[in-house]
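Heads up, there are several structures right after this.
The following pair of complexes shares a single chain, chain A, combined with chain B in the former and chain C in the latter.
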Partner chain A sequence: MASKKIYILLPNRMYAGDGVRSALGQAVENHYAYPVFMHGEYPRFSEYVTENIDWIKDMEGDVLNVGGEPPEGVELTSLTLEELGERLREADVIIPYGLKKQTKAPPPACAD
Partner chain B sequence: MSADPNKLGIFVTSPQHMDHLIGIAHAAVRAGKKVMVFLTFKSVHLTKHKDFIKLANLCDVGDLAICADSYTCEGYDPEADIPKGLVPSQMRTQAYHGAVLEECGKYLVL
Partner chain C sequence: MSEEKPMKILHVYRSEPSDDVKTLVNILNRDREAKEFKLYLGKPNYDMLVQMIFDADQTVSWW
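For the complex of A and B:
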């Protein structure tokens, strides 16, 4: 089986856990996995997510950060949106994660 | 195993596209193709949708799976609460997604 380059686009912090876990699953299957955290504003990752990120790096993948500061306690590879665009040209699979963008602002009770 | 051009893989992360999921799967099967589906993240809530059984009926047992960890994260019990239309062996890990990419010549994300 030929290894694929798989980019997983994670639009916000909601997707950190499952997106990284999904990338690790691909790495275990001998693919090159690149989860991409987009738009910044991430809280400190849990130990579980941090460990998974380290596993992905150990398995010749990488974890990328586009925009904003990466969370504390973990080293991500920062790149610009333009650089991400260039990287995506070499992708075999691009996986956009998540839900449709909401059209109505949440009430303050949902903000935290 | 090489990718089968007559097999469509669908990776589902969103719980918002049940109609599309069933519609695409139905169209593919009607065209003589096979469909392989993996549900993860919030999409596991689709297993509680009244039409989930329709999706299950469109796929062979080995061609439909949900992420057991996501199922747990979303508050369900992957051992005591097997979704209607599935059997316990269809509660899988993220490695199943790797099988989807390996076996399917066509692939999309919902």
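For the complex of A and C:
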């Protein structure tokens, strides 16, 4: 099967860890995987998530960032929304992943 | 000599598209034959949606 370019769009950090893991799964299947953190919505960058990001890069994928400054210690490729759009034109599969961020603020106990 | 047909792209919206989604869709639709299906309006015709998916070269299911 030919390798495909797969973009996983992640506007909600609740799903960002899952999205990175899913992208890694596609990379393992010989596809080019590109998870995209949007609006500065980053997952908890645990050692596990950071390792997944490194593995995606090792397998010729990349981890992209649209909006916001990523925390120190994690190297992401920043680009604008328009640049992302141009890259998506070359994608074989585009996956808007999970749910959008909720509009109502969660209670403090659930904020993370 | 035959001309290459434009790619057929289908956008399925689960909710009202945000400005960011509209920007991405506008870029994706450039030079392409684009259709859209709004799941959040009324009672969706899923038979029509299935047919539209089969007719399209690429489908993007937005949030």
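Quick note on the criterion: the second predicted complex is superposed on the first by the 96 of 112 C-alpha atoms of A that agree within 3 Å, B and C clash if a C-alpha of one lies under 4 Å from a C-alpha of the other, contacts with A are read in each partner's own complex, and residues count from 1 in each chain.
As a working rule, contacts are C-beta pairs under 8 Å (C-beta built on N, C-alpha and C of every residue); 3 or more make two chains touch, one makes a residue touch a chain.
Here the structure is a predicted model, which is why all the values come from computation and not from measurement.
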Identify whether chain B and chain C fit side by side or clash on chain A in the overlaid structures.
fit
Chain A as apex of chain B and chain C, Cα-centre angle in degrees (nearest 10)
60
Check the residue A:L84 against both partner chains and state whether it touches chain B (first), chain C (second), both, or neither.
second
Give one of first, second, both or neither to describe whether A:H31 is in contact with chain B, with chain C, with both, or with none.
first
May I ask you to decide whether A:D18 touches chain B, chain C, both, or neither, giving the answer as first, second, both or neither?
first
When both complexes are superposed, which of chain B and chain C contacts more residues belonging to chain A?
B
Scan A:A109 for contacts with chain B and chain C and give back first, second, both or neither.
neither
May I ask you to decide whether A:I6 touches chain B, chain C, both, or neither, giving the answer as first, second, both or neither?
first
Kindly classify A:L99 by the partners it touches after superposition: chain B alone (first), chain C alone (second), both, or neither?
both
Report the closest approach of chain B and chain C over their C-alpha atoms in the superposed model, as a whole number of Å.
6
Once the two structures are superposed, pull the chain A residues common to the chain B and chain C interfaces.
96, 99-100
Chain A partner, complex, touching residues on chain C are 15, 18, 20-21, 23-24, 26-28, 30, 58, 60-63
Going by the contact rule set out above, which residues of chain B touch chain A in the complex?
1-2, 11, 13-16, 40-42, 67, 69-70, 73, 93-99, 101-102, 107, 109
Chain C partner, complex, touching residues on chain A are 11, 38-39, 81-82, 84-86, 88-89, 92, 94, 96, 99-100
Please give the residue numbers of chain A that touch chain B in the complex, ascending.
1, 4, 6, 15, 17-18, 21-22, 24-26, 28-31, 93, 95-100
